[in-house]
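Both of the next two complexes hold chain A, though its partner changes from chain B to chain C.
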Partner chain A sequence: MSKTTMTRRGVLKTGAVAGAGVALPTIFTASSAAAYTNEPTGSSVTLGFNVPQTGPYADEGADELRAYELAVEHLNGGGDGGMMNTFSSKALSGNGILGKKVEFVTGDTQTKSDAARASAKSMIEKDGAVMITGGSSSGVAIAVQGLCQEAGVIFMAGLTHSNDTTGKDKKANGFRHFFNGYMSGAALAPVLKNLYGTDRNAYHLTADYTWGWTQEESIAAATEAMGWKTVNKVRTPLAATDFSSYIAPVLNSGADVLVLNHYGGNMVNSLTNAVQFGLRDKVVNGKNFEIVVPLYSRLMAKGAGENVKGIHGSTNWHWSLQDDASKAFVKSFGTKYGFPPSQAAHTVYCQTLLYADACERAGTFNPCGVVEALEGFEFDGLGNGPTLYRAEDHQCFKDVLVVRGKENPTSEFDLLEVVEVTPAAQVTYAPDHPMFAGGNLGTCNPGA
Partner chain B sequence: MLGLNKKDTSLMIVVAILALFAPFILNPFPEGSAMAQFNAGYPDLMQRFVIFGIFAIGFNILFGLTGYLSFGHAAFLGIGSYSVVWMYKLLDYNVIWGLPLAIITSGLFALLIGYVSLRRSGIYFSILTLAFAQMSFNLAYSVLTPITNGETGLQVYTDDAQVLLGANEATSPHLFGIVMNSSAKLDLGPWSFTFNNGYYFCAIILLLVFYLAIRIFRSPFGMMLRAIKSNQTRLNYTGLNPRPYALAAFVISGMYAGLAGGLMAAMDPLAGAERMQWTASGEVVLMTILGGTGTLIGPVLGAGFIKYFENIFSKINDNILHQWFAFLPDGLEDFVVFIIHPFIGKGWHLTLGILFMLVVIFLPGGLVEGGQRIKRALSRKKDADAAKTEPAE
Partner chain C sequence: MDAIILQILNGLDKGSAYALIALGLTLIFGTLGVVNFAHGALFMIGAFCAVTLSKILNLSFETIDPTKTDFLGNPLKVKTPYVMEWFGPETGAAIIDWAVPLAILFSIPIMIAVGFIMERGLIKHFYKRAHADQILVTFGLAIVLQEVVKYFFGANPIPTGAPDAFKGSFDFGVLLGYDPNVIIYPYWRMVYFFFAALVIGGVFAFLQFTTFGMVVRAGMADRETVGLLGINIDKRFTIMFGIAAAVAGIAGVMYAPINSPNYHMGMDFLVLSFVVVVVGGMGSLPGAVLAGFLLGILESFASMNQIKSLIPGIDQIIIYVVAIIILLTRPRGLMGRKGVMEE
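So, the complex of A and B:
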């Protein structure tokens, strides 16, 4: 038995030491003089690029990183300037942002909220990043957006398609250029109606997290409005790699349309499984069985290979668009990396430019100034036609593309063809739409 | 002092000094220099060092003393986090409500899981705990989404009840008004040191639970636990029932894990299900083995080691490498970067794996053994009588 000697003097001494320990950190507080978190004081400004480098969305993350590096190069006056030349706002001049050279740090979100927040925190606390951008999963985007709001830096969302990002989880310091689940539903429904008729039974397989839930809700609502029935909605874990056990029950469910609310590696695997099970050759209720992938990207089409032919979905942007801005972006991305950019690359490139432009116009890096400059900002020349950054929820409103897997691709990149460009007016909704209700933007937080 | 012998007192003092001066010790390189990349003295990482230190100390009470290898301790980490975030949502942001609840709920879960799992020993015990942890993970991830908010993670929303929230109260975790994420900066020439309230809160808790761990290690109860490890059958024959002791150790280490999980949520008000995944359970096993199983300071060192790699090495990218090796001729520079590339950035697991193998092969006693060997090599001349071996415990 260890002996316990507790003398009066010992207790007093220990108490004094412990008290000093508790008081120590509070002596220093209230000494920060900066006007906002990480105010850049030197000749450079640091941006934080937080993307998935491992996990199911790693392909998208790698492409995002390429686009970020390209954007930084253009902002600092390197390369051919890309979309800076076509952008309707001419505040950027290729000498960095507000005369400060743009530098960046990178991190791996691992497609996990915890890891993403840790990585973003280290960028803010250690590297002094004044803006965080990235994310290839809505769960991660929402988690990091919340963190940025608390820390007082701007969050420019990358690839996040959940309604919640600018719906119930919207934050004043967060902005999204990418479209969302509701827009996919609104754009896809008329096309599906023309193709497959109004009497269909849909079966949903859904990635089990915020994006999957809201997209499933959006697509089901849009298709039910035109007369489709929803047979079943099944949730699959994000980390799943084999979907055979989820596909088999579809065969006997009486459904004649399979909606895959999956993205990235998930979608590649589930679509491949579905095709292996012969779903596409089946005839149910006298109709050909069809598969719909509401959120599509070229990287996924590449991963799924032959299987994507004739399958419809929606996308934010596609490299085959023929406007000047898209052509300029594809050219400078292609020159640097040797292949065309994905929609993930496009959206993060736009976000970086939009942030830089907002700083220039506001004349400050202060998050509150940037928020003011971006709210209600109308622009053009970034590949999506005229676009509005709505002040009420910090969501961009622009045209949505409905695409189809090409039957006869001419190259390994020419996998999707644009079926229809849905005008922005058709996908616009009220800020208090039930699918987006419950959130509170709050006020901008400059931190410090 | 405080019922510790001389050796333990000096260990306690060393840990206290390390913990309180960590902002200086971890930031040895001046801001803006090329080596600043290796600085670890920013609040988030320092908090992680301490929190995972607590987690590993608790794990070591079970694994280091009784030899029962649990593969499911991450479940308690998650339970602790969820408890604290729920207290934020229901009451207010003061961590004083959540942390005790985190310890109690994780203790209860540990009692339940331990009671079932400890009916078996060895590999069967490990598998049972792993199964329970995966069950908890799946429940949190998809079944109990109303309680855990699934993959998105449990967060505090502005429309939550928060019945105790005062008008002027901070809207981030605090302890009676001391806001966890506020820090003070001290600039000394080119150096810059950050003192964070949350870090010091964690550090003080670390010192308390480290003291508790020393007392447990040195108590008759600790001796019983060691007896379980060395020969449980003999213990049975002497007429002692080891199970209540093992269960107590399991519950205590579960409570340590719950406290660590609670502190994670106290530093960052979010609880995600992936905290409970088996990889997180495996991580604490690695920390303990890397640092030195059954030693007091080992698990803390192991935790720091792994977290340092995860956060510092994973952030080195090719651009930084090119900056470092810019002095080399172009072709050689590209070659060197090409060679190092797989070991940095997303390849940090590879680097850590190699180091882990080296430690396990050459220093079976972990980093602590490494330290002892260095000490012995330095003082070999002085004490020739150090050769006499101590009796085994």
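So, the complex of A and C:
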């Protein structure tokens, strides 16, 4: 009879040797077969579209998904080509990306950072996505951008408006086409000055998370610079649905302008409450009381109904723009789906084309090649006029639209009218601007 | 002082909604002994009855206006609601304007039917099961109902306005001798408060002064004895479920103009309504109403700047803090009776 004695040290040693033995082959295969994460080896390339398919932003997510599908169709040579025909870079020819057919997988972010990270991770690890794009919230975008940086894939941000996405949380593998809180403030301030004068008292209601804070900071700074006073800044919980207890004290505070740093359902409810309380019919300090919604979206304007009439805000893009690119995009989206695209749809469509074009110009899907191709890239023909993807922070600089809720809409889509197109130069800031300071872009990570 | 009056007023309408939902929850719990987590969904379905009626009244036929174009450059299709065609533009517009009050009539039969189907089809089978099972199955049902509504109506809130006559706000401050604009309160919220008071009064009167109500009360107190007297108490309890569903439904209908209905509004109210029921005392109808208003007003106070600057984040937890304090000092809630959920 034999007796085997097991010591703690013995078990650890055996375990370590066995572990290394199991890991060894994958270490070799990984480094020898692929130069970067999820290098496409077959005849197709997979992109990961990570959008809110459930939860409060599901309608925005659905519109983003429509635009992604349209972009894939155009990249693969289908449809009428949309903005590929107007895009100033002519590297894309309708035969996929680098000759590989574009395929896609989708994930549901649920507008929750952990769910969004989990779905992005699954698309990268299980489905082999070489690029992740999407998001309808800055909290989600920042979380997924961090994940993509670690995993060694490119992240093309969707609808995210917080300064932090390309500010203190910027990452080398992440790129944002959408505008940000600072740009909203810089674009809105001159228009507000013309409309309401320089002697105003503003009261801020702000959604209590990264986007709300940076937008509040940006708008307060821009309006204070032209002489307005900020009477109060009140943070409201993201989960709030009834804002009456926040709205009621506004009139008594001496404020004559209410700034709603809210988005989505929050914005619909707070604006509806403000109009219910009759704020817009009031005269305070001898002036008409005004409401400003710095980040506007047509889908939300629809939710707030006629309450948006005459209220000013800013937006990244609007379907009523009359340049060739916007017209081409609205035509191809409208023909396919029967209604005009939202700004969320526009920005994600652009991001997909920009990524594909960068791969073509770089001649590779390698994230470091893509980063190099996008940094400092100047382009036109995507609906926003001449645009620069700045190398220092991976933020797009382009014109910003100031819009107003239309008084007499002619259709259910005709809710906003463009009041002013603020030129890119006016919304450009230094890369080390205090509102964007504190982050480090780092270097590109190809993973693998 | 003005700020305090303002927040009391503000708490009233939210308190009204809590009280109405909690009242229905208590009715169901008191009669059928079921903890119904789908009650918030009934409130939400009520709100969507208002949305649906408003959509029905806005059903339109299309005519082509060749002088204008749509977003693709095709001739513009102009929509005219049938109601305007049938009753003339002015009467038609007035009917559409009054969609929400009209929806009360529209919703009552729908809600009673929904309540009846829910009770007979699903909840009936869980009477003898543990409360945890009932909570799980009704919570699941709530999610299903919520997703069904989202499938048909989308995820974004749908604006459903009050009649034009009730737009704007009333200046209470002037009435009390304050400057104008100090204490203002929207007309529709006042309507909501009086409506809630009316419904609550109606339910109490029904239970107190009708034979049916008397039997139900007797059944709540001692189900077996009432059964032994040859009265079919189950049938009456099923009807009470329908009534509770209708109360939640009309509470939802009238709430639609206050906050645009969305598919998860039921869940937003449900958890708080449960706290209300527990604080009020399980099975106590007056307790539910009292606690509803109390917590509504407290929540409103907690969102005042002066209080938020002292204790940040208090507006989100105040209800739970108060609930803990009340339950520590009065374990059966404000008006709870001995013996309820204490076997």
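Here, the second predicted complex is superposed on the first by the 415 of 448 C-alpha atoms of A that agree within 3 Å, B and C clash if a C-alpha of one lies under 4 Å from a C-alpha of the other, contacts with A are read in each partner's own complex, and residues count from 1 in each chain.
The rule is simple: contacts are C-beta pairs under 8 Å (C-beta built on N, C-alpha and C of every residue); 3 or more make two chains touch, one makes a residue touch a chain.
Being a predicted model, the structure only gives us computed values, none of them experimental.
In the superposed pair of complexes, A:Tyr349 makes contact with neither chain B nor chain C.
In the superposition on chain A, A:Tyr246 contacts chain C only, with no contact to chain B. By the touch criterion defined above, A:Ile142 lies against chain B but remains apart from chain C after alignment on the C-alpha atoms of chain A.
Applying the stated contact rule after C-alpha superposition, one finds that A:Tyr57 touches chain C and leaves chain B untouched. Applying the stated contact rule after C-alpha superposition, one finds that A:Pro340 touches chain C and leaves chain B untouched.
By the document's definition of touching, of the two partners only chain B reaches A:Gly442; chain C does not.
In the superposition on chain A, contact is made by A:Thr272 with chain C only, not with chain B. In the superposed model, A:Thr106 lies in contact with chain B only, and not with chain C. In the superposed model, A:Pro237 lies in contact with both chain B and chain C. In the three-chain superposition model, chain A touches both chain B and chain C at residues 54, 237. By the touch criterion given at the top, residues 2-3, 6-7, 9-11, 13-14, 68, 70-72, 76, 150, 154-159, 161, 167-169, 181-186, 188-189, 257-260, 262, 264-265, 268, 299-300, 303-305, 308, 315-316 of chain C touch chain A in their complex. Remark: chain A residues 54-59, 232, 234, 237, 239, 241-242, 244-246, 248-249, 251-252, 265, 268-269, 272-273, 276-278, 281-282, 284, 299-300, 302-307, 319-320, 330-331, 334-335, 339-340, 410-411, 413-414 touch chain C in the complex. Partner chain A is touched in their complex by these residues of chain B: 1-5, 20, 39, 42-45, 48, 141-142, 150-153, 155, 157-159, 172, 178, 181-186, 194-197, 199-200, 204, 215, 218-220, 268, 270, 272, 274-275, 311, 314-315, 317, 345-346. By the touch rule above, chain A contacts chain B in their complex via residues 1-6, 10, 14, 18, 21-22, 24-32, 53-54, 105-108, 112-115, 117-119, 121-122, 125-126, 138-139, 142-143, 146-147, 150-151, 164, 168-169, 208-210, 235, 237-238, 438, 440, 442.
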